[in-house]
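Next, two complexes with chain A in common: one pairs it with chain B, the other with chain C.
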Partner chain A sequence: MPRVNPIDSDYFKDERPDDKFSVIGKTVQRSDALGHVTGRTEFFEDRTFPDLAHVKIHRSAHHHARINSVDVSEALRVPGVLRVITHRDVPSNWYMVLRLIGIEPNDEPVLAEDRVLYKGEPIVAVVADSEAAALEGAARVKVDYTVLPAVLDVEAALAPDAPVIKQAGTNYFVYEGHHARRLRFGDVEQGFAQADRIFEWRYSSAPIEHAPTETTGCVVVPQSSGRLLIHSNTQAAFFTLDNTALILDRPFTDLQVKGGTVGGGFGGKVDVMVEPLACIAATLTNRPVKFVYTREEEMQVSSPRAAERIYIKDGVMNDGRIVARKVMLYVDSGAYSRHSPYGTTKACAHLPGPYTIPNVYADCHCVYTNRTPSSAMRGFGVTIADFALESQMDRIARALEMDPLQFRLKNAYRDGDLKAHRKVAEGTALIEVIQRAAALVGHELPEEYQAMSSRGAGA
Partner chain B sequence: MRIVNLKVNGVGKTFIARPETTLLLALREQLGLTGAKRGCAQGACGSCTVLLEGEPVVSCLVPAVTVDGADIATVEGLADGPALSHVQQAFLDGFATQCGFCTPGMIMSAEALLDRNPDPTRDEVNEAISGNVCRCTGYEPIVSAILDAAVRRREGAKL
Partner chain C sequence: MTLLRGRGYASVNYPTGMNLGGDPSQALIHATTMGGFVISLSSVDLGQGLKTVVAQCAAETLGMPMENVIVDTADTDTGPHCMGTFASRGTHRIGNAVIMAAREAREVMLAVAADELEVDAGDLETDGTGFVRLKGSPATEIHIQDITLAAHFKQGKTISGRGIFLKERNYPVPETGEMDPDSCQAHACTVAEVEVDDETGIVTVLSLHNAYEIGRALNPAMAAQQVEGGGWMGVSHAVFESTEPYYPASRDHGPVDFCEYLMPGPAEIPVQSSVILERPASNGPFGAKGIGEMTANAPIPAIANAIFDACGVRLTTMPFTPESILRGLDALRA
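Take a look at the complex of A and B:
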């Protein structure tokens, strides 16, 4: 039986005069568990359709190259191949998933036109009677390239002499006219000048692949009404529906997405990677079409969590108060935007961590390189920033020979503090969480730290 | 092309298989038993685990024509009407599922373990499911559920 920790409702009791939880604190069975244990849960690929056709992709062999020509004649001669799809078959080829929330420009083609910006970028889709014929057809597509210099490092991509890989003219996403998502609060240089100690370190992370057990995929079924029914394992049914409709240049009402059952997502299934091409293939052949990534595709070309590089410089007083924090943060978006401009904004919104610091300066760059496009994954933007921020806190505490929890408590934000984003903090609980965690592991805190409260006077 | 006969969950089944038809695809696409999943199609994730003559196999690597006449058990055959197997019930009660994609394969590996070892240690359970990947990383409740199922089976046997 699962262990259920009782709810401790002592904290902030005056804010909740009436604690009547009917579900919280109780064991409630998952609504889908019976289907899981009996094998009856219906994942998208568990449906079978007569006359099902399959889509496979011919992908870029290079990180960065000009496409001189594409020859599909041999692919078309493979028995079972029904169609090849190139960018000319995509009604509205350029897109940006986040355009639905007003973010521009459309920077990614569904199928490459005259250039490829990452190894594995889709160039031609092959539709065939069988998966094997589609794979064979995709392998027989011939692309003539002129290889171009690749940019594979975020800081190298921002160097003045770096080759510009993006059509928009910069190797970074432009935030309201600026090179980065910026945070400016107080005077960070003055803060450094008054500080007793300066600490500056660099943190970096590699891309992380979600590797869901079920690979990304969909089956699109033409309906007698003329609509397309999309069985998908997307985590974002409406992002998928709307973006697919825009790419197809068809009304939203032409599409129906059936989803919600996802064999592991973790953020890796919020891009719109398979549905548009499967819809085009289904329309061109008037047959149900399956497009599902192989395990190799899932590992090689599905968007990972972005690699990040973060420099943090802190000015600290001898008593442990942080008086200035400067962060230069670089998110490797890879070749295209996907969700990374948003992730980078989230990283910036998370700075300077849950601490009250009077002088803060940050530039958070969403950088384009010739790597696999990165995108959403579990708290993207925040997770790696937290790794850097909390590593920084531990290192400073060590350098000051301070207890790391006391160092955090000393700088913890409290209700009423003005945050660097010029919002007044409310509902904070960092102090109480640290106090409780310390008690649980038997880490003794001095009386003055035990007496602290998020509801007390600000730092 | 060859005609293949299998006994699947105790029932005789006949189908035509190409040389490259895997047991997994035959089960899923020809016999309509979609409990076994295709996670990697290269024998690495265990989502397609079924029992072949009582032994767990990754059915994505078994050519169907090579197992003509065999006895196959899949997750669909475990429950007796609404009554779940001990392993299924323990997974349900122990919150040992998240997305559910690895669950059928995980359960078949567990059934095979408990068939040959009714009282496994935690290490033996870990070993038995070492070929089954759960990317939601819920291994702890899964291992606990299998140990719980072992107790239920032994107690059930005593009744």
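Take a look at the complex of A and C:
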């Protein structure tokens, strides 16, 4: 029997009058479990095709450089190499995956043109009979660079004298005329003025890898109808289809995506990195083409979780009420946008954390640097903010010599509270999970804190 | 050498669905001649159990056994649009779409059954065994296989349904950040217990204790697997992972395989104990909220806070490496 955590049904009992279900709330075995543990699950790479060709990439050797020339003649001489693909072969080379939801501008080339903005940026794709020949061909591409100064720090990138690395003219994403996604609620300076204590600290994080068992990849098979069938491990079949069709400048109905079995996603398979080039290679060679990341590419070239830097300044009363919170948040988007403008807005929506604070001010910056472009990852916009916010809460509780859970309970948001983004809170349960976690580890709470409820006034 | 123990806390919430909405998912459902119900989707199951959970939603709504439900998904030629599997949206969005489709199919199913039984469709009920019965008169019943055969070959009806879930797109006010970002919020509080070796700087996460409020645990074992799998990932983020371990000095020498990119192995997995609370969300499928992403979040600050509790070192940069612990201890002794 699988492990099941107990469900404590004493909480919110009156909100579940209809608890009589036949299969909801029951442990049903996961439908793909047997296939996974017996090795019979079919992943995209388990399909074999006659005449399968392979794509490998020649990548930038520099963080930031102008490309003077690209010489592919040696690559074409490698036995088995079928074709070399440059930006000229990409019908609509500049893209931005979020254009599907109306976010602009297209800021990334599928293959680099006259410059590279990060180490590992794709410049040339080589299609060959074998992986070995494709790798050899990619290794023999010669690129002549003029190295440019690189910006590798979010705050340095925003400095007035920083070299502007983006064609759009700013090293940050522009949110409707603003240099950051803003949050303004109450009067934060007045809040600081009335506070007994001020606490201000800085937090940061390293970029990290999604580390899926199965690396990102696809096999594209030209169909007799002229369409392209894409076997992919994408997390979003239509999102991949639509973005690929836009890059190929082909009708959307020319493409079919089949997937649904993914050896680990965690946000790492929503960037549409392999399908466009595999489709172009399949079209140019009229052969089935596989493009799958090596582990090295997955770890060093595919989008990591963004490195973030977060400053939090809090104004707190001696009794433990937080009366003002100011957050300056910097997401290192790396060289290109990918999903980071969205993730930064999501970070802003999460502030100031699950607490009711009357005065909140935040600037959430989506910053471009010459690091590997970051993008979506599990907890997008929230995970690192939670590290910062909850470290902050612990430090303040200690400074005030308050119990860390009581301090959180005192500030916890409840039903009916107006959040900083001006949505009225409903269905809240922060108080209850704190109470229940305290009980789980035998952390005693005074009666007044045990009596608190997300549904009404307590302590 | 001393092994120092500490305990840390963190409490968090997490939004369900794509930020600001505008992320539809559709479902189509149709009955086969012999009582099967095929759910057509284009959604991707990342291994978290989406196919299983949406089959449960369909079976519950139809009032039919799980065995009768077939999920056909992730083919853009045969399945209707889905925005994708991310943003803790799968169970909520696709579950809701499937329920809507199954409700429509159920209505036809009951109408066909009513014709066969010569009763009013409003007087019929299901109990999940495969029969449709007259309320209060259980002997008047018909099996789903006979209903679907009659629909196809006698009444000439398609037992089918269409479903979609869309939270309308919201646009933030640029000046103030006023917005409606989420469908609902799930909640968690994690207590971490760690051991810090003051000679090597190595942090061992001994245990994670969690309380999660997730609206409704549609499949309790899979909810437990999300909590424990995410807990593992949180430990990994907290004390192991970086693609640029020498940054800012250098971005070189980044790891290129799992020998260099370290993550917790079996010996580093903490003991976990968890409790689930259910406060159903008014817009969730049977009240369910998204639990997918958030389970990696609370463990990280809980571990940071436990490290401080253990040895007095406040770490403000992830990951919490042995080097940073030792430098922190040196600073305390200075």
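Here is the rule we use: the second predicted complex is superposed on the first by the 450 of 459 C-alpha atoms of A that agree within 3 Å, B and C clash if a C-alpha of one lies under 4 Å from a C-alpha of the other, contacts with A are read in each partner's own complex, and residues count from 1 in each chain.
Heads up, the rule we're going with is that contacts are C-beta pairs under 8 Å (C-beta built on N, C-alpha and C of every residue); 3 or more make two chains touch, one makes a residue touch a chain.
Worth saying up front: this structure is predicted, and the values here are computed from it rather than measured.
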Greater residue coverage of chain A in the superposed arrangement, chain B or chain C: C
Which superposed partner A:Q29 touches (first chain B, second chain C, both, neither): both
Partner chain(s) touched by A:R295 [first = chain B, second = chain C, both, neither]: both
Which superposed partner A:D153 touches (first chain B, second chain C, both, neither): second
Chain B versus chain C as contact partner of A:G39, first or second or both or neither: first
First (chain B), second (chain C), both or neither touched by A:T48: first
Partner chain in contact with A:L405 - chain B first, chain C second, else both or neither: second
Touching partner for A:I208 - first (chain B), second (chain C), both, neither: second
Partner chain(s) touched by A:G264 [first = chain B, second = chain C, both, neither]: both
On chain A, positions contacted by chain B and by chain C: 2, 29-30, 32, 36, 211, 262-266, 295
Complex contacts: residues of chain B adjacent to chain A: 20, 28-29, 32-42, 44-45, 47, 74-76, 78-79, 84, 88-89, 91-95, 97, 99-104, 107, 133-136, 141
Residue ranges of chain C touching chain A (in the complex, touch as defined): 7-15, 19-20, 22, 42-47, 49, 51-52, 55-57, 59-60, 63, 66, 71, 73-77, 79, 81-87, 127-128, 169, 172, 174-182, 184-185, 187-191, 209-213, 215-225, 227-228, 230, 233, 237, 241-245, 247-248, 251, 254-258, 261, 263, 273-282, 286-287, 292-294, 296-298, 300-302, 304-305, 308, 314, 316-319
Touching residues (chain side chain A, partner chain B) in the complex: 1-2, 29-30, 32-43, 45-46, 48, 132, 210-215, 262-266, 294-295
